[in-house]
Amino acid sequence: MKLLEYQAKEVLASLGIPIPPGMVARTPDEAVAAFSKLGPVAVKAQVPVGGRGKAGGIKLAKTADEARNAVAQIIGMDIKGFKVPLVYCEAALDIEREIYVGFTVDRDARANVLLVSAKGGMDIEQVAEELPDAIARLYPNPWRGPLDFQLAQLVYDAGLGDLARPLTALIKKLYRAIPDYDALTAEINPLVVTKNGDVIAGDAKLEIDDNSAWRHRELEQRYGSVLEGDPYEVEAKKRSLTYVSLGGDIGIIGNGAGLCMSTLDLVQRAGGQAANFCDIGGGAKAEVVENALAVILMNPEVKGVLINVFGGITRGDEVAKGIVTARDNLKMKLPLVVRMSGTREEEGRQILRQNGIEPGASAWEAAQKIVELTRAGVKA
Amino acid sequence: MKLLEYQAKEVLASLGIPIPPGMVARTPDEAVAAFSKLGPVAVKAQVPVGGRGKAGGIKLAKTADEARNAVAQIIGMDIKGFKVPLVYCEAALDIEREIYVGFTVDRDARANVLLVSAKGGMDIEQVAEELPDAIARLYPNPWRGPLDFQLAQLVYDAGLGDLARPLTALIKKLYRAIPDYDALTAEINPLVVTKNGDVIAGDAKLEIDDNSAWRHRELEQRYGSVLEGDPYEVEAKKRSLTYVSLGGDIGIIGNGAGLCMSTLDLVQRAGGQAANFCDIGGGAKAEVVENALAVILMNPEVKGVLINVFGGITRGDEVAKGIVTARDNLKMKLPLVVRMSGTREEEGRQILRQNGIEPGASAWEAAQKIVELTRAGVKA
Amino acid sequence: MSILLDSTTKVIVQGITGREGSFHTEQMQALGTKVVGGTSPGKGGTTHLGLPVFNTVADAVEATGAGASGIFVPAPFAADAIMEAAAAGITLIVCITEGIPIQDMIRVKDFLREHPQARLIGANCPGLITPGQAKIGIIPQRITAPGFVGMVSRSGTLTYEVGSALSAAGMGQSTIVGIGGDPVLGMTFSDVVQLFENDPATTHLVLIGEIGGSVEEHAAGLIARGSRLKTVAFISGRTAPEGKRMGHAGAIISGNRGTAKSKEEAFRKAGVAVAETTDEIVGLLR
Amino acid sequence: MSILLDSTTKVIVQGITGREGSFHTEQMQALGTKVVGGTSPGKGGTTHLGLPVFNTVADAVEATGAGASGIFVPAPFAADAIMEAAAAGITLIVCITEGIPIQDMIRVKDFLREHPQARLIGANCPGLITPGQAKIGIIPQRITAPGFVGMVSRSGTLTYEVGSALSAAGMGQSTIVGIGGDPVLGMTFSDVVQLFENDPATTHLVLIGEIGGSVEEHAAGLIARGSRLKTVAFISGRTAPEGKRMGHAGAIISGNRGTAKSKEEAFRKAGVAVAETTDEIVGLLR
């Protein structure tokens, strides 16, 4: 779960990290209220992606009218596929200096890595490419967390020795997001040093491991529902499906992530565009197939669906029956191609044919067939 | 700092460990109030030593009058040198079974050791001697704490597998007293399993590392002043002296713990009884010597004082002057023998002699001299 | 011959009395796997599927001499189960459980440094199978045939597909290892490839990777330093967009890292044939 | 010859700019100790007592090649200072600081397992001195004389007393090591005795123990297995009552454990002469 800026800041504040005063606004009037309380504010689009500044999602408001106008312009704006649902109005900071502080999971090292750089305010990936030495790194032992001397070394390595005390204290607090909240990535960029020497989080990103939701019900409850972007992904999540929207017109269902991904690849190879990734998991139960089909058919762009399942435990004839029932229940009229393999796959194919569904002999053949059918606009 | 039972239970409760309802009482009326709120109660003397039950420090009260009488009898009682200042009135438990759970520092292993035994209610040292196999042990890694599987193994090893879930959860909470409070020893004995299956702390001991006081000011504030037993030790603590009351009649001051202990040994060897152990630390500053003398002279039993200092950094003549000043400031009339060595020790001895204080040539000679002087009742 | 597992390996199942544990223990037994017991806290002393059940792995190891374990416990308990197995001296730990928090696995990986005897496969993996001999996990026996092809994969059903195709083409397998789809894994491609290199019965290798991370690149680097195996690699997710998790927590492209392109290029540079579809694998392997 | 420390050992001082650090650095220099620098966070790049000051131990080691460190930082920072020294590759760490929480030291001991090169003396100790050559810590040079007696002690001033007496009697010392009075220690009596056994220049040994714990008993056990040193032991606290801490956190008798009697008996059983007062030590050692 990627938290929005204001949510991430709430969490960081709970760990003792200083944040500027700020208020969420969903309407121009709320922005005016925030202005009257906070004075000049930055009005910031709340979306779980970077680059909102360049996209026009951040505006400074020095008057109540400017605040009102900023909200009117920003809310509803589309930023990298996310429609902005609300803004965060935050007291403007008197910036002396900008620093980068964050952590992420280093997959190769199979460890968390803390990152500190004096080059704050820039995209850290860009810093990593252009000035790799400008980023100091620390791999804390996951049981011990970062030790004081390691944090000091990190800060000195980053050339920030003059801020050693406040920075080591702050990074120690930031790190608590790992044991306390199962954070995978946190980023305070910029970490602002104000003209009077305070160190305060200018922006904040925080990603919580979805696998740890059972340990952090309070986070899920508080932040889980605010924004999910894509409506099909929201619906799929409710139905416990692993679903990713992709923008094409061919719905895809597969069982197993690798199988599903390779199905997408085949559809593109055949000249089509997948509308989604939808992994229904190891089995291929009728109910799950129906849920997946239902979500895919919500999307008016979808012109046809390809189902690719390997019958592991479930037998081919049962998978076929389930697909037929799902189609009938949903009164689906769009082209449907099914490729299945596994035990009793021949019986399964026969059932499909009897019910007017064309089985594909191989995944590649099936991919070509659905592309052909959706291009032609033919109904199966 | 050894907490009293009710204090230890407050701390354990803050860690999530169930404790019976209870109230502190300092007067018979408060005990009656506790009775009217809690019903039948155990009235328990609050002293930081074991064995209070055998000493008559625990009484069951089934009526308000019994509660009143119990308090009247227990408060002021002397239990192993501690005058009982207050009692804890605790709702009586419906006991099905008694278990031992605790931890301590194993000096040889230089690690904490968790101890669990089905033989609860008995003194654990006795169990350790008579039925060593009845105690299961776990040495948790100090950074990781006890892992779930280790706790399960511990509980099964103790033959308490039927209580694995509640016990592992409880021990995990108990262990938090180490990272959260710098506990050195904790003991829940008995841990009571009630007739309806609840697991609840019947008694509790908790010792907090004095060296960690700077990390736990709240504990010090809350519990530090309630009870310290010996009035001289309380006074010495206020003056930042390392002082232990011992019951004899010869006051001892030494610099360095080993030197001070060996001085006690010499006094006893010479036929005397030390009134105290008082280590004034590495140096021998005049002010500190005066503080130490002042505390020792509070004790009316003291018939004379032996000072044994090694002049490390401080020169002998300065040490001697300091002692003379301290004696004069305190208008001390009792016999005083000083043994000192180090730089300018001869000059120091001369100063002492000039001021009517007999220096000892060696520690052994000084010990014999002070014993002799105090026996004779002669004033120096 | 085979790697990691054969018909003599003594196996226990952690979580043997659960639904998944029970079902797959029976499947493992059906293939002939030497399952010698299982654990289920509180059920120690009972019998399940004709096997003794123990409260702890230490008890199970002591009583049975087991050297391998398959873990089928729910995600909140899985990290602890792995550490328990390692501490009890198990040398091959196969964790099928999916959905383990990544920070749990990071702590587990550190814990395992103290138990270097323990090899971990997974978590979130289908396990491994030595066709005709034994399996730990959930790979269906019927897609396999004994033979000379080593297989190692980050995917589940995709592996079954490829396995089926190989078996149908008469190319049996020495061992099939599913290393799992999580970002923080036990054994990686490189670890498994190294074992296949040292297994005389394995002459060919199929490597099924996917987008995200760089375990494929590392394996390619290893192979580039010299390999006696005829190898074909396949990467799924060529058309996946950046920043979207494709099912597996580990299958995500960030920036230019973890793309199918970089993985395929690494393999080609190492002299490994790259299949563009799974259908091509059998042909390229011949 | 000597153990652990001689005139060639490069030493840094952690907390060199503090009051204690400054004073004792000067004392160490006065004896000829090869002090090459010190640390004081935030003061890196400056000079103190003619020595370069660094922000971190890693920086100091890199710049000076120091192999030993004396720690004079306040108790809240001392555990971290020890770990910093170990992680930076220091092989002899001498921690003078008293009052370090025991749980901190337990964590430090576990941390040191990963840095087996690092020998820790203390904490809460006077340090060590090789008379005429070098010292780390606070043992006064004037109580010592170069010679053949190894000394190891849990006490501070008591050691100075005995050292004075030995020096006055013409029995100089090879090295004097104060291992400290805390319950959780770095090097123990046994560790130090073993080093003296292997030091040809040491022919005699004085061991000054006290009540509490069992490091004396362990050393006695070691000596009982064979020793080439003529050894005298002394234990302070013969008359201390049970359950009372005698100054040192480690000096406490619980039950029958840690008494002077059990320690003296252990030494006698090992063939070691036991002095009943410190005055007897010189005579017994001759």
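For clarity, chains are labelled A, B, C and D in written order, and residue numbers in each chain start from 1.
Operating definition for what follows: contacts are C-beta pairs under 8 Å (C-beta built on N, C-alpha and C of every residue); 3 or more make two chains touch, one makes a residue touch a chain.
Owing to the predicted nature of the structure, the values given are computational and were not obtained by experimental measurement.
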item	value
Comparison of A-C and B-C by number of C-beta pairs in contact, larger one	A-C
Chain C and chain D, separation of their C-alpha mean positions in angstrom	52
Approximate Å spacing (C-alpha centroids) for the pair chain A, chain C	28
Separation of mean Cα positions, chain B and chain A [Å, integer]	57
Chain B residues counted as touching two or more neighbouring chains	141, 143-144
Multi-chain contact residues (two or more partners), chain C	107, 111
Pairwise touch network: line, ring, star, complete, or other	other
All pairs of touching chains, each written as two labels joined by a dash	A-B, A-C, A-D, B-C, B-D
Partner chain D, residues of chain A touching it in the complex	144, 147-150, 152-153, 156, 161, 164-165
List of chain C residues in touch with chain A within their complex	75-76, 99-107, 109-111, 138, 140, 142, 153-161, 164, 181, 183-185, 208, 210-214, 218, 234, 236-241, 243-251, 255, 276-279
Contacting residues of chain B [partner chain D, same complex]	105, 107-108, 110-112, 125, 141-143, 178-179, 182, 184, 209-212, 214-215, 242, 244, 246, 254-262, 264-269, 274, 277, 279, 282, 309-310, 312-313, 341-343, 362-364
Chain D - residues contacting chain A, complex	41-42, 44, 55-59, 77, 80-81, 83-84, 87, 107, 111
Chain A-facing residues of chain B, complex	141, 143-144
